[in-house]
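What follows is chain A paired twice: with chain B in the first complex and chain C in the second.
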Partner chain A sequence: MADSKATQETVTLTIDGQEVTVPKGTTILQAAESMGTRVPHYCYHPGLTAPAQCRLCLVEVQGAPKLQASCVTAAQDGQVVLTESEQATEMRQGVLEFYLANHPLDCPICDQSGECKLQDYVHAEGRKHGRSREPKRVFGRDDFGGDILFYGDRCVMCTRCVRFMEEKAQDPRLTVVERGNRSIIDTFFEDGVEGSPYAGNIVDICPVGALVSKDFLHKARAWDLDHTPSICPNCSQGCNIDLHVRDNRVQRIKPRANLSVNEYWMCDYGRHRYEWMNREDRLEAPAYKVGGEYVITDWSSVLDELAERLDDPRPALAVASPFASTEELGALRRLVDHLGGGRIVYRMPRADEEIPLPGFSDLARRRDLAPNGKGAEILGMERVGDDEGRGGLEDFSGHTGTLIVLGDELADLDQGFGEQASLYMYLGAHPSPAARQADFLLPRCTFAEQEGTFINHQGRVQRFWPGIQATGAAQPAWIALAALQLRLEGGGRGISTAAEAFLQVAEVAPELQGLSYQTIGTRGALVNEPVALPGS
Partner chain B sequence: MAYPYTHEKEVRVLSRGWGDPRTRTLEGWKALGGYQALGKAFEMGREKVIEEVKASGLRGRGGAGFPTGVKWSFMPKEKKGPHYLLCNADESEPGTFKDREHLRWSPHQLIEGCLIGAYAIQAEHVYIYCRGEFFEATQVMARAVEEAYEAGYVGEDILGTGHRIDITVFAGAGAYICGEETALMNSLEGRRGLPRVKPPFPAAVGAFGKPTTINNVETLSAVPHIVEHGGEWYRQWGTEKSPGTKLFCVSGHVRRPGNYELPLGFPMKELIYDVCGGLREGRSLKAVIPGGSSVPIMSAEEAEACSLDYEGVVECGSMLGCASVIVMDDSTNIVKQVRRMVDFYAHESCGQCTPCREGTQWLSRILVRIENGRGREDDLDTLLELGDQMTGTTICVLSDSAAAPVASSIEKFRDDYLALIRRGEKVGAA
Partner chain C sequence: MAATVKVMRRPDPGQTSYIRATLKGMALTFKHMVNPKKVTRQYPEEQPPLSERWRGTHRMEVHADGRPKCVACGLCPTVCPANCIRLVGGEDDQGNRYPIVYEIDEFRCIFCGMCQEVCPVEAIHVGVHFENAEYTRDRFVYDLDRLMEQDHPTTLLWDPSDPRSE
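Right, the complex of A and B next:
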């Protein structure tokens, strides 16, 4: 990689008086962006081909007879480019005025308001007063099927959506019909994009509010949303996402660019599975059973009590969840090792088939429908159960020693599970069948409420950050487990951050050695050695 | 004297035989000396053909006036894959009706030109892209191609030379923009007729992604004559820089509108007052559009001083374009005429580029308002500024074409606009 870069041909040009060197074949627009100069554009999107039709990225190239579309003009040695010259800004202002000639200016009721490129560009460079006195043409609203609504009047005809469906989804269900000022995006048949598994992305790439999500319709204003970088928890692909949060609730999920994982996209399957993060029926406080009755208490008391009662000399058994973070799984591994080194198993639902995005071969909705199966595997946990994520715990239900369940709600098991265990401890977020017989109930944060990492199907360790606050006294499981282990070991090094928890995991998982939160960063890092799935 | 109107000052090279139905048939055309040049071209070799066309100074008759021989020489010398020759018969510029007549009356002349052109640029396939509305012309053309296939002029082993050149007559679906060369290619390939971004130019990446040359009907129709008689012979007409004859489509307020083949450099005054029989009784000349609706409009004085060659028209403030002369006398409401032209462009804009998509419609709406007496003086400034914003900012030149008549008419006929605007004010005040 480094070698090929060194031998790559480069060109050096001057943009707005600043010299910049870029690989040969780079466009002027990309060269400008590489030095932090944003050239306004609509039709250009880094993940799609550029038709150069929005005419907003016109820049002055000295020596050229007229303004050049920077999105398709290759950077050349010695080129002198002016993005802010009088001619360029005047033309941009002119093009923006044309955009507004028919745009409805319904920003107060438009979902895109606040993150709209037309608003942004016009605020930055547009004319102070519009000159149009003519009536605007009206298209109205159209249901494109699935989650997509189309407001024709707001459309700026950049055709990003058409090109996404053609080039990336390779499921060309959208097109431009009519021509001139009457041209409009339309579907071929009544069902539109219904059932096209990546169609949600057209809402993300629409620079204005022409394509909106029905799910998000009038739900929140863009400026009220906090964006937290996270990882999609719905399959082992590990798409980089942002959680958009208002009022401590996840309002929607948007993909976050990562060229090694999901480029700029995510599937609709993942996108629409977020409501569970907002569930309000939660385990809120630690509790333990005394004589058949639960005593609700605080963390310190429950951990003291637990440390005292964890005295069974037989190896403990544990059931983990592939939805738990690597830090949580690692803390469980350490505890179980301390308690005699028994088996840890996990169950993971498996879909019948992958759903690939044809235009970006690295991305697919994977068959494994959990984010961290790889993490569990790296930590020596054993996959059991069927493709529904059920069964496989026959050896556990009658276990008479210590039994720990982390995350798995055991929805398929009968009431007797854990009844015979000498101590049954459950770390979970929601009231569930797993909690029924538990001697100790430890409330746990969901991934959306904590910092941590997931390891995707490629073995890429990726960080996520807390987007919402946990309910009650819930904590990441690694905090509880590490504190418990300190008590069991009668001292040692305490930890207080997820970064430290990760380093502790690396101590028991050689694949993670040498990695830290710094080296993982926001783009993720591959584990040291690819590991083969057992039995594959 | 047959073809609707003819005149003694005409030099009928390309249009000889027009009006006589026999020329449409292979037999009739051969009786006029057709298909002599084809054999000669094969004997000359392709380099020599290109040299001869260069020597003739033939310039593209579609409007841009680019030297044809030079255009042919842009094609790769070494052939790596298929080459294509496209014949642009998507004649849709308002005021233009010469190519249709070529298709209708002298289809074999065009076929011969296509074959020579294809031979010169090493193309094995020629597409004649006919305007969708040309039902009769397309049929005549298709029939002629069929005849030529049967006679062995088209297809495998032409005239026993071993060369294979196929010709396909293709009917468009009715879009002005498909006359733009790259939009034509998209349309031919079955895509939406949207102009492509250049570079790459067609000689490198054209139809079906292969090197392609595209020529106008009239250009290709002139080629057999040049090959047969030589470049020098062709230069006996016209001027140094604009040699040869040209078909002038005259329409509007003249007594005998029609197609007239005249040497380039012919005086406009003579064309209007002599060849076309002058204006109607008691009328005087007000304005002329010399080259189809997309060129600047000329005042009467400019028009009467103008010599009809590529340079001469530019000197008088306009462009020769495809030599479609629209004559307007003093009964003309210029604003209405300009509005109708702008409406045309608004209707025909492909809608890709924002300045064109939005600008053409906006211009039209302002002009409608002025025409209906609801204009304001500052609308004229807006029109001019919008025109500026539409010029040189788009992929193709349709946008520029829509802006040109607006700007030139406001410059030259401002009083016509003001009269409508002021009348409106009076009505408003009453």
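Right, the complex of A and C next:
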């Protein structure tokens, strides 16, 4: 990356006959990528230093005596670069043939198949048939500890994993042993990368199937997975992620690059907490109690009934969840305000310590273990309970007015919760013992099933998209709450998209004014006033 | 337009003889009794010849130790145009990738043979076989054990360099 001083000046060079102007200090490879030309590479990774050892990004620079490694050669004024010249393609073909001399070509049983750079490059430019007659070296499989398995035969020795552990995790546990043909990645100690909180990233950056995840082993083929951009819901850092979905189940989580939040990385804590998104014990249809028995019905009937019962408002109390989207929390805020105002509290589990990534100081597994505590705070909600996300609802159990629960599963409460409430409305994704007394049970989508935004610890509003289909009649809570409010107000402007719901939230939260889904985009946008960071 | 009615004149039933027509028909029948060129095949005692490239129900090849040859690479469910293959991969106790679930819905299959063509380990094959009758519909979803038990000959693939198999 060019540093700030170098960005003052620019250089203009010609790549494949096309002129491009880039900041001084940019490498040829980055300059080519900025104009849409991908130069094949293994060892170069935008988040790591480039050792220029894979010899695959060689390009012809006119005037230079031999091919130049484009990942380390700085772009210069007037340079004429040819990435597709005969010399360069011939060299790449030769380099790829050397890679295949020892590669087992076990694509049918390799988890990387379908997203493998060796597969891609050889398919695009490699020789059709190998000429090597010598036996291939065989290393077999090695357990690197934690979630990581190492298939040494498949390795192309790009050393991205070694450099990640050194430069980013700053916990050098991997190294290259032996020399030449026999060189191989190995761990220093028996326990390998066990316990290293960011080790999962080496699986992502491995360009081939040498490092694979035990959790994902043989689970799905890369081409079967649908990728949906989303936000990690496991702490207030708000790492940008992709949900990889197959058969309507989240199969794994991969980080998505966002240089302001998580660069190219994410922690293993977040990476491995996705199974709850696939939970099958769900509320599926809206229901309300008539004479102690639940009547299962449809949304419009349940909302009509609810509007009728809420017509005579009583003091309202609400429990929100910091796992709910800003749109959902905002819709709750607006409803409670309409009912005459009342306390809204949320409970959030809290870890003992932050787990930072030393090589990228903006990224850490934060202490607040929920994605949208900031959103709840901006919307004037009050944090209660202990560090386990429990307790704090003592005033609520005996509440005699309207009681609304949004998203919080109330795992620590018993069946008697809400017994005294004149109206108890439970908006949740999962059934809970503490919802037994609820007069209205409304099924809600999890974040993975709806579009919305989270606000991370920096105050960055970030969008996420629905990756899986909701179960039954479940809806995002903002749809139900906004429709309910429309009935209570007896008309007005209805909303049908998450973007409109966000604009409605901005009406009650000055920090969000001026923001919209367009301005937030895929990279996120900071809330208006720099809000003080929580004391984490 | 007024309908035109054509009135057919038929012989009076009392005055017609069918003997001549009957004899004519019987003559043809008796001619076939002695005709050396038989066209009736005595199926099922006598099986019809099938082409080597006939594509019938599937079979899974097995290793000498009885394991299926399939490595659960997922290419056949990917290539299958009828989407009739269900595959769940896993790892056996020797560390080999193998199909935990491998099911083919033969009702849905269109017998295109692309699964055989795409298989990198020559595990799944379509076969030279056509007798598939069952008493229940669910028997047409062949599971892995069923596919491994099938022992009919496998289909010869079409070779573009030798299109007539000569």
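In this section, the second predicted complex is superposed on the first by the 521 of 536 C-alpha atoms of A that agree within 3 Å, B and C clash if a C-alpha of one lies under 4 Å from a C-alpha of the other, contacts with A are read in each partner's own complex, and residues count from 1 in each chain.
As a working rule, a residue touches a chain if its C-beta (ideal position, glycine included) is under 8 Å from a C-beta of that chain, and two chains touch if they have at least 3 such contacts.
Quantities reported herein were computed from a predicted structural model and do not represent experimental measurements.
**Student:** So in the superposed three-chain picture, is A:276 touching just chain B, just chain C, both, or none of them (first/second/both/neither)?
**Tutor:** A:276: touches no partner chain.
**Student:** Which chain, chain B or chain C, is in touch with more residues of chain A?
**Tutor:** Comparing touch counts on chain A for chain B and chain C gives B.
**Student:** In the superposed arrangement, which partner chain does A:56 touch: chain B (first), chain C (second), both, or neither?
**Tutor:** first
**Student:** Report for A:180: first if it touches chain B alone, second if chain C alone, otherwise both or neither.
**Tutor:** first
**Student:** Which positions of chain A touch chain B when the two form their complex?
**Tutor:** Listed in rising order, the residues are 51-56, 58, 66-67, 69, 72, 91, 94-95, 97-99, 101-102, 131-135, 137, 156-157, 176, 178-183.
**Student:** Residue numbers of chain B touching chain A in their complex, please.
**Tutor:** Residues 175, 177, 192, 197, 346-355, 357-362, 365-366, 369, 382, 385-386, 388-389, 392-395.
**Student:** Applying the document's contact rule, which stretches of chain A touch chain C when the two form their complex?
**Tutor:** The contact residues of chain A facing chain C are 107-109, 113, 141, 217-219, 221, 223-224.
**Student:** Going by the contact rule at the top, pick out the chain C residues touching chain A in the complex.
**Tutor:** Interface residues on chain C, with respect to chain A: 71-75, 78, 89-91, 95, 97, 120-121.
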